[in-house]
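Note sheet for the following structure.
Lettered A, B, C, D and E in written order, each chain numbered from 1.
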Amino acid sequence: MEYIFEGIVRAIELLLTGNEETYSAVFVTLKASTMSMIGSLALGIPCGFLLGYFDFPGKKQVRALVDTLLALPTVVVGLFVYAFVSYRGPLGEMQLLFTIPGIALAQTILVLPIVISLTATAVESLDKRLRSTLMALGARGKQIAIASILEARYAVMIAAVTAYGRAVSEVGISMMIGGNIKWHTRTITTAIALETGKGEFSMGIALGIVLLTLAFTVNALLTILKKRST
Amino acid sequence: MEYIFEGIVRAIELLLTGNEETYSAVFVTLKASTMSMIGSLALGIPCGFLLGYFDFPGKKQVRALVDTLLALPTVVVGLFVYAFVSYRGPLGEMQLLFTIPGIALAQTILVLPIVISLTATAVESLDKRLRSTLMALGARGKQIAIASILEARYAVMIAAVTAYGRAVSEVGISMMIGGNIKWHTRTITTAIALETGKGEFSMGIALGIVLLTLAFTVNALLTILKKRST
Amino acid sequence: MSETPLYRINNLKYRYENGRFLLHIPEFAIARGASIGIVGPNGGGKTTLLKILALLEDPDEGTVYFDGTKVDRTNDAMKRSVTMLLQEAYLLKRTVFENVAYGLKVRNEKQGLTEKVHRTLHMVGLPPDEFAQRRWHQLSGGEAQRVALASRLIINPRVLIMDEPTASVDQRSAVLIKDAVNTMREQFNTTLIVASHDLIWLNTVASQVFRVYEGRITGLASDNVIDGPWNPESDGLWKKVLPDGQVMFSATPPGDSAAKALLNPSDIVLAKAQPDGRDGLSARNIIRGTVTLLSEENHSKKVLATIDLGGLSVISRITRRAAESLHILPGTPIFVIFKASSLRWE
Amino acid sequence: MSETPLYRINNLKYRYENGRFLLHIPEFAIARGASIGIVGPNGGGKTTLLKILALLEDPDEGTVYFDGTKVDRTNDAMKRSVTMLLQEAYLLKRTVFENVAYGLKVRNEKQGLTEKVHRTLHMVGLPPDEFAQRRWHQLSGGEAQRVALASRLIINPRVLIMDEPTASVDQRSAVLIKDAVNTMREQFNTTLIVASHDLIWLNTVASQVFRVYEGRITGLASDNVIDGPWNPESDGLWKKVLPDGQVMFSATPPGDSAAKALLNPSDIVLAKAQPDGRDGLSARNIIRGTVTLLSEENHSKKVLATIDLGGLSVISRITRRAAESLHILPGTPIFVIFKASSLRWE
Amino acid sequence: VIGIGSYAVAAEHVLKMATTTSTDNTGLLDYLAPTFRAETGIDLRWVSVGTGKALELGKNCDVDVLLVHAPDAEMQYVADGHGVDRRQIMYNDFVFIGPKNDPCAVKGRSAMETLKTIASQKGLFASRGDNSGTHKQELILWAEAEIPVPDKEPWYIQTGQGMLNTITIASERNAYTMTDRGTFIKYEANWRGNPPLVILVEGDKSLRNQYSVIAVNPKQCSNVKYDLASKFRAWMTLPKTQQLIGDFKLLGIQLFVPNAHEK
């Protein structure tokens, strides 16, 4: 029990004293999750739109597949990506293993189903009159997509927040692909896993609070952005 | 690379030959995730409704908090719950450590923010006329909640599927609270972590496929249920 | 006891967030069993008023008394005695049957449900065989509107409030709706409050029609409203130029140049030929126009003639006898005559 | 070249999934610059037809030719020359300004945008100062409807299709809309297709009004439609009993007992007194009724008298002279006279 | 239900143990537990975690017995009163592995020399950096070599992960690392006997890896099954069991040397 309180105190300490190791992990986490968010949103929102907007044969099957992939364990994604980026793998040349872009690549795969599934649901939940209205007003192709996503902006934003939460809190990929290498690819979550393994539970809690603080800051920034845009 | 193909072959083998260890893990996983889903939906859907439907002072702050908790790392939840269920903790008496109900409890906490946030978004995205319509028709209290959630049923269903994916794929809690005890609390994901730790990558992939098969089956059952209910 | 009105409004104020609109009703009462019509231009405040009467919104200031007691929106019994058909009907994402049955289900009145639903669907002209099992989106605009109406009628409320019930409904169904509502009122003494732009239809269900305009109840609907600008004349009169160049005079000064004048249709005299000279006539206003529509006022049995004064439409209420002797028909050129002192200011 | 109609429909069929409704139009054409009105009961198929003409839906069978070529919904230029105001207007979740500007923005016509938006808002009676910056939900029903209309008008399309444009719009705005549309047609020879339940308003914008009924275009709107059941009589005639017990006869047999009869308003003669005996009169049907409404037919300048035959409404078209000599007014009791052979079957 | 049913036993016969990953990953416990159960009727259930966490679980009374390999920490643990009856059971050994071409030429040197050589040549070295028994042993060696732990040196890769993952990282980066022999055998087998990293330094006395059993102190934790823990400790030191441990082979190679009776 007491390590929780200890953890809270240590979290404040870590944050205020600018603890070097902690900030290194914060920056690694931020870098990796930012890159993976850019990747997964850029890919996932358009795919989600297509899946939510159009009717095509096999749509239900694709939908079921995406929903199933929501259950992808991080370690499996890690194993899968490792097979490609290992120096003997097909992408070995790119030297992505034990790098932040490598983590980001695997995280993108991890959260893509979340972005796609939630965006598709958001687009599907839109008022049925929107489609006819946009067509009647002369929107076409990408314009329809953009306008639809703007109509569903709130739900799409939550899709992004959910995906962000998943990326920033995962540990299996960061371990497997990042390698948890101190000063280089150690993220907050791999640090938590390490400290917990060492029996340093209060440090684990402290780093957990650091992570939540980070997530809160990012969400707050997004909220401000959202307010501006609406 | 080749361990991926090997893994696929082994997955089929495991599933078809009724491998005892694998099926034990499957059942543990199913039990834990079923219990945590019941808990998190029973708690999360009503909370999500309240958060999405009502305007109250501090609503935005609560919303921001819930969204932040989407980034809860499993290990942190594990540490947190461990503090309570450890023999020394306030709930020590209940002997939840290294048990499936213990895992389920922690998983419930883990996925609750997902259920709440996505349900709230689903309710918020409902047509503004619904509220007046329900009130005008004489619905009150719980009736309004049930009817609103039914109107948003598709999006709420996806909230549940997302939460399920998160619960079934997490490993930190199952490790920390379950203990990965063979035949007792070894879930598919802790088994994957174990095998991967041993370097048995193909077995990791195989178990990953088993997990996805499980998730697919559950989703398919839900889809059939959904069809019936609409 | 029976003297307390069903609704009494006291100094009600309602404002939308960051909107200029203010609904302000100093005093208003609706008797039990009354049937009130509400007309007025878009944005006048009809929907806002109806929502407050339907206990869907709380006023910002002032009080509404329902049945003698202050409105309390946490009082479920009170809320359930009123129902409202919204201007833009919303159907639950269920079958038509479930939509209509919903009001009874939440009241736990499940006896004879199927029979009641079918009867109500018949009342709004939707054969249950064909419609009961349809999904909410498998309906045309007017059909959806009627399903929404049926789901209110089945509740058999003490007060039925309807916002544009006939907006996308065909003429035959409008008659059906009128009949359904009137039957209900006869049987259960239901109080009716209806907003509509279809004055002719409204006159067939309402015994009194009010005009709601810029957030206020400005009197009876039948009054003609004449916009400004009004400009002072040398002889103490105020003048408005009509779209076709003719002029209209008011004897009393307007509040400001943009004020609106009200003209009671009964104050308008019609003449087929221009009266010669102004000397023989005490009325200052003699304006040329054309009859466009003739209809009958339901309660008074008088004739209402709609007359186009080169762009401005006014209604004149005349007796059958007068109408007969004038030989007017739609298309007939006519002179509209009224005193400069007949114009009142809002 | 100018002989090819703008639209030509050939054996069009459209069906909704698991619905009984079938829109079936064997042959139909709309000329360039025409202004077509469409009326008909709820569920008749107006919206369905308009959506196909607006290129928002593909027919299941048959072909629609637009401007001489087969409709191709992948042809953006073709699609962009048509716009439609939907029956239930939907506003984008943006400001009024952005809603109105959207059509031009997607066309990348950003020059003078603000000025154009403001002008269009004026056209529909919404002062830009007050409305341009409102959010989509801060509008009354009629205001929202007019914003939706403005967002179509600004596009200045070759074909403007409107589904119930005046449904929740006040009378003054209905006139504004009429004027806006008519001005547009004069300037740009815009083709206009409008569905409405407000026949009087429709007559002020449409030069030809069709009736759409049970998925078919059944002729001109002005035809009276008389429902079955029709039962055979001993003398070879077919009889329908009216709601008030009077009877009506048809000389030609109906397709089946539930068939609908059409009666041209010009085929109806009105009489103030009951003609004595049937011998002196070649018409078999003499039915008692009451005049309810008198209006003027815009293009023919004839008088349209709406007559209530104890529950069934029919319209009679008579000359001004006849109307004058009859001394009819709303409320006047009247006899409706027509031949049993005047009834046609759909 | 398969598995779970056949292992259902009364709670009083269940002994909970926290152990390190090496005993579990090598399969030693899977090999011993059935015999233990057959002979004593006790159902041994273990969680395999890092040494630090294992000690922490004991401190919190959540397990009854520990099987760990970090002598200094263990002694401290007993001294602090958390554990009792510490008894050494067996050992295996650590080895230094590195790229076949041995860029720093450490082959055949002593452990201390090896570290010195690598440090002076800035050869890539992967350290577990996780306070595990292996990591603690490595730290002792650095201290003996009188070199401060090269925390921020770019050639010093701190993985903070399990042994096998650390070896994997070392192979990807062509680095040296120190590992227990058991994990190396697994690693070698995964590569079908032809791994990129090979054993370069072994046999040094200071590379011994001692495993001990510690019972959780029943005075601190009234709930622990001290009697079962004692039975387990006693059973582990039986000559028959010691023989069994000595016979345990991973891929045909002996892994643990029983030494319960060594002084």
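The rule we apply is simple: contacts are C-beta pairs under 8 Å (C-beta built on N, C-alpha and C of every residue); 3 or more make two chains touch, one makes a residue touch a chain.
Every value quoted in this text rests on a predicted model; they were computed, and no experiment measured them.
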item: Touching chain A and also chain C, the following chains; value: B, D
item: Most remote chain, CA-based centroid, reference being chain C; value: E
item: Averaged-CA centre spacing for the pair chain D and chain A, given as whole angstrom; value: 54
item: Whole-Å gap separating chain A and chain B, where each centre is the average of the chain's CA atoms; value: 17
item: Euclidean distance of C-alpha centroids - chain B vs chain E, Å; value: 34
item: Centre-of-Cα separation between chain E and chain D, whole angstrom; value: 87
item: Junction residues of chain A - those touching two or more other chains; value: 127, 176, 193, 196, 201
item: Multi-partner residues of chain D (each touching 2 or more other chains); value: 88
item: Residues of chain E engaged with two or more neighbouring chains; value: 49, 165
item: All pairs of touching chains, each written as two labels joined by a dash; value: A-B, A-D, A-E, B-C, B-E, C-D
item: Chain A residues within the chain D interface of the complex; value: 127, 129-130, 132-133, 135-140, 143, 147, 150-151, 153
item: Of chain E, residues touching chain A in the complex; value: 49-56, 129-132, 151-152, 157-161, 165, 169, 172-173
item: Footprint of chain C on chain D - complex, ascending; value: 16, 18-20, 40-44, 46-47, 87-88, 130, 134, 138-143, 146, 163-164, 167-173, 175, 197, 200, 292-296, 301, 303, 313, 320, 323-324, 327, 329-331
item: Interface residues, chain E side, partner chain B - complex; value: 1-4, 7, 16, 21, 24-25, 30, 45-49, 60-62, 162, 164-165, 168, 186-187, 190, 221, 223
item: Chain A contact footprint on chain D (complex, rising order); value: 51, 54-56, 76, 79-80, 83-86, 88, 90, 92-94, 102-103, 106-107, 151-152, 155
